[in-house]
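Labels A, B, C and D are assigned to the chains in the order they are written; within every chain, residues are numbered from 1.
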Amino acid sequence: MTVTRASEPSGNPPVDDGDPVHTLSEGVNQAMDIAMAEDPEVFLLGEDIEDPIGGVMKGSKGLSTKYGRQRVRNTPIAEQAIVGTAIGASLVGMRPVAEVMLMDFFAVAMDQVANHAAKLRYMSGGRTHVPITIRTSVGGGRQFGAQHSQSLEAWMMHIPGLKVAVPSTPRDAKGLLYSCIFDDDPCIFMETMSLLFTRGPVPAGRFALPLGVAEVKRAGDDVTVVTWGWQVPEALAAAETLAGEGISVEVLDLRTLVPLDREAILASVARTTRAVVVHAATQFAGPGAEIAALISHELFGQLSAPVERLGAVYSPIPYATELETLAFPERTRIADTIRTLA
Amino acid sequence: MTVTRASEPSGNPPVDDGDPVHTLSEGVNQAMDIAMAEDPEVFLLGEDIEDPIGGVMKGSKGLSTKYGRQRVRNTPIAEQAIVGTAIGASLVGMRPVAEVMLMDFFAVAMDQVANHAAKLRYMSGGRTHVPITIRTSVGGGRQFGAQHSQSLEAWMMHIPGLKVAVPSTPRDAKGLLYSCIFDDDPCIFMETMSLLFTRGPVPAGRFALPLGVAEVKRAGDDVTVVTWGWQVPEALAAAETLAGEGISVEVLDLRTLVPLDREAILASVARTTRAVVVHAATQFAGPGAEIAALISHELFGQLSAPVERLGAVYSPIPYATELETLAFPERTRIADTIRTLA
Amino acid sequence: METPGAGMMTPETSANLSDDAAVRIFRTMTTIRSTEDRIMRGLGAGEFRMTYYNVRGQEAIPAAIGEHLKRDDYMVTTYRGMHDCIAKGIPLDEMVAEMCGKVTGTSKGKGGPMHLSDPQSGLMVTTGVVGGGLPIAVGLALSSQLRGTDQVTVVNFGDGATSIGATHEAANLAALWQVPLIFVCQNNRYGEHTAFADYTRTPSLAERFKGYGMAATTVDGNNVPEMFEAAAEAIGRARAGGGPTFLECLTYRLGGHTFGATTEYMDPDEFAAAEADEPVGNYRRWLIETRGIADATLAGIEAEVTAEVEAAVASAKASAPPPPDELQIDVFADPVSVPR
Amino acid sequence: METPGAGMMTPETSANLSDDAAVRIFRTMTTIRSTEDRIMRGLGAGEFRMTYYNVRGQEAIPAAIGEHLKRDDYMVTTYRGMHDCIAKGIPLDEMVAEMCGKVTGTSKGKGGPMHLSDPQSGLMVTTGVVGGGLPIAVGLALSSQLRGTDQVTVVNFGDGATSIGATHEAANLAALWQVPLIFVCQNNRYGEHTAFADYTRTPSLAERFKGYGMAATTVDGNNVPEMFEAAAEAIGRARAGGGPTFLECLTYRLGGHTFGATTEYMDPDEFAAAEADEPVGNYRRWLIETRGIADATLAGIEAEVTAEVEAAVASAKASAPPPPDELQIDVFADPVSVPR
């Protein structure tokens, strides 16, 4: 994996392939472990996050044993209470990390997220603020069906006051989550299930990545793929295939959607003059629409081709594998789309 | 108001200025009244919708008196129960019209809306479906503050399975609501507060407008403004001003966002080669992003200028009038934006 | 905990339960049990794949309730609802096919095990969102009230679902409107991996639900005669216009949260006691010993059921996955409404 | 209905209420009343504009509770919370300025009357979403528990808010964790335009909340000594680690839902009876007749308060609206995070 430092003004440290190898879930776990060790005001709450379960996706494994059940708290099945409780504690300076088991379940808690967490700083004229992090697993591609497979980052992006992080590697997961926990505003942290147990180098010890800084996961000259989360490895695989066909693809991993690294997007596409925006969220009125509209507007007249978007088809996510694989973008369809541009 | 029939393939009847004049709220009331008279399976539920209140925005005024409290039902303050109850009754063939008092309050009911109403037809392979209509008032521009002023159509558009209607005139309100009530899928019907008591001609008796058919509210040649709801009269006012400056503006009122009248949008912009998308929703990751991305993609190379977007600024809606008027688009800023293109 | 089912041996509790009904209930419980056994065997052998929410231990609840329901009564259940679906009469082959994602399934393979529904048999909704089915059930029940029919609606949910807002809103509204709805809380003592006492201080769910102004009782959900009587009373009241009832049915989840999931957080002694007292075998013994039903009769039913289940699995396996063009069908009634 | 306040004349209920405290409570109630009167006058005269949620009739509740709170205790309230804000000690001038959308307001005019907050005085959140404040209050109370302080949190909400999911989730969690939280349900008999009996069959909210395993009582919210005692007990218990309490404070909304809103759906006799028995005048009489406080003392306080209120209104009117560059300030700590 080539990494340029071009898009890392804030001194985003380079990947050192000598770093110990961990899963994305372990990266998440390390960030919380270090944050809890550093700051007694950090605590965790959510469903089944205590040991022996340690979270149904294992993110908090070992932490209740290490820090106790005061700071790692199982909750009832009550997402409004989970998010609201985090908000309340954060208003007086604590740094709660709440877990909403699956992103689809945000639907029961959007009032706390959108009408309260996102707005309290503004509604109080800055007298209060909400330094919470809400971790959530994102399904898709696992036959979980229509209610357990949604990527809803577009809902979050559209509400002023929410930051949104979507790591695609164990390293990014650790660095971004650490920064979310210590950020002074509400952060939605999306953990893509299909990446949770993929492995990669993770810097040991305290490690932070700035929010709002995209990373070029693969450098290229002909076409820019703007993507995040689940679709990053898919895009990298497509780029690899196309390299064999003489098409040089740059894969830009946004890593956070709010703040949005506008400069990195425009710099890359200004160079390649071709862009494809790829995401697991529904394409229609999805997150890619903002990015495609941004590129088309800012680089008007400089593009060699229309900005393409590749997201989930317009339908609830079907259960049968044979249909679900058609519902989400994946390497071959990404490659096909890129070929139409190059 | 000029009206072309060009964009009305489905025989959308013309405005007859001889029609009796009513408010938008009265148009809504007439549609429900006629639907209830025609079909005993139509019933209404929501907070304070019974007489003497008849809905805090008066939409159901007189209907509980006329049809009784069995068919016009006050509910507790419980939006999940309101929407869920409507869904349940609709599964067995009734046609409930639920009211969610303000669009901001959808945030407490999104699970019923997005995970159930939108998905049940698909999740049951078509064995069930959800013919409900959810009416809601949309604030903004009235000093209601950050939690009572949001236009959240983007949330709805992004969830496959939901139709979204946003009338800008009393006539459209009557015709669209009637069609929503008898549509076999869930429809979100947005009633813009600042337009509720504006007056206009409304055809007497049974009157339906097809969903998915935009209307040219003013024909023009130089620039197309794509808009809906609250911003339609603002765009018309801007167009009027600009006519005096020799700029001919076409105002296309989408009327429904799902189904989206793609053909009408592309036909108009293909002709004018310039487009501004205007809406009251937050601009970032907003509904206009989809439309701007669509136009930029489909008309690549045929546009004389980048597609501009004008939506609410990225901030919770402020309370003080002096700030709130800066937060939303309005006629002068629309006109300024158009001037930069023409 | 007091062991569910333990009280079953008292014959006087079965006065109104005829032999025919008792045997029909046995058939239903046996069908549920043998379908689960067959699915687990298939999963273990890699014969097919799915996320399976085991119902072992909870068979008696829907089997006893089902005896009082007509085909046109409505039911809503959850991901852990295969037993409810079987008791309500979903065709077994269509159900298994759906769980396997096949086109002959109830949802053409597009819904999956968490979204079984078949209006023909009155199974209206299966939801994967905890608590999500309850407000919908209020609407189903309201439709019967408005139409003046004597249909009732049964909504099944777990003990853990009592913590979520939708459940509360539905209970308050159902009581207010006196709709013909039976809230069947299948208290299997765990919400995913969390025990009852770890998510609420409520001493009794039935007491709590009385607070909404509705009838509420706690019943031994593993005791068929007791379940049968409690269901008769609640359903009878609902049909007669007497409004909703909350039934807390005490049972025990004889497995992890899903097939293959850990049970390490469950008290082993408690688990062993519940397993020793598991309702199907328990009920079978009771039928023979207390009700004098011939072992051969029951064995005959078991043989028939095994064959039915095998046939359902075979037809599911033989069935094709949904064709690609199904992807955007059933989004709207009218495909042209789908945005491109 | 039984008229709130009617029981106040029994002296024994005021044993622990010192004269000083009794007079401080009078001052708070008078401040609330005269602020409301002044705002309504200003609205009537077109002196300023706002959506005003009248609190007339509910003054005794926060005034009595406030007497037991320290500045660093937390409070959460609703759009109808001006009385709570005053009792918690929000600077009057900043509060009125915020309601008028001025830059000297608690939120620089960006929040408005529905979003008053001032951490300095412990008023942490005012929400416009029914039920939205309760889960947040659980978190505030949890913070005190985790930090080992003796702070308590008071969350105010209306009777209608008891129907919504968030309220239920918060109650269950607060009881489970035994956080130092007092649920103050100001039962003014109406949820917007709907009377209590038209949105629930619950006979008693206090009984219903006992179902969560927490202390719960019904108190006459217009009876200062009774409110004072009930608050003392609940707050004392919370400080001592005894967990949350639900207080159903019976009162009456002496007006429409908002300033200028219709009251046509309210029983005129009921309304007249409540008005005749309104808490401020009632309490004033009681102070004089039962507690022997000199009329002159109270008149002096009333004069001071009137002057304070007048000064607050004057400073609000003199204050400027927030400058345009405030529009995108306070979205994030860091303005560069704001998308362009």
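The working rule: a contact is a pair of C-beta atoms (placed from the backbone, for glycine too) under 8 Å apart; a residue touches a chain by one contact, two chains touch by 3 or more.
Every value quoted in this text rests on a predicted model; they were computed, and no experiment measured them.
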Which of A-C and B-C has more C-beta contact pairs: B-C
From chain B, the most remote chain by mean C-alpha position: C
Distance between chain centroids, defined by C-alpha means - chain A, chain D (Å): 41
Chain B and chain D, separation of their C-alpha mean positions in angstrom: 37
Numbers and ranges of chain C residues touching at least 2 other chains: 107, 109-111, 115, 127, 129, 163-166, 169, 172, 176, 199-200, 331, 338-339
Chain B residues counted as touching two or more neighbouring chains: 75-76, 78, 80, 104-105, 107-108, 111, 115, 122-123, 145-147, 160-161, 284, 314-316, 318
Footprint of chain C on chain D - complex, ascending: 163-169, 172, 175-176, 199-203, 207-214
Touching residues (chain side chain D, partner chain B) in the complex: 49-51, 101-102, 107, 109-115, 127-131, 160-161, 163-166, 191-194, 198-200, 262, 264-265, 321-322, 324, 326-328, 331, 338-339
Residues of chain A that touch chain C when the two form their complex: 47-48, 52-53, 56, 74-80, 104-105, 107-108, 143-148, 284, 313-316, 318-323, 326-327
Residues of chain D defined as touching chain A within the complex: 74, 76, 105-111, 115, 117-120, 124-125, 127, 129, 132, 134-143, 146, 153, 165-166, 169-170, 172-173, 176-177, 329-334, 336-340
Of all residues in chain A, those that touch chain D in their complex: 43, 70-71, 73, 75-76, 78, 80-81, 83-94, 96, 108, 111-112, 115-116, 120-129, 160-161, 163, 183-185, 211-212, 258-260, 262
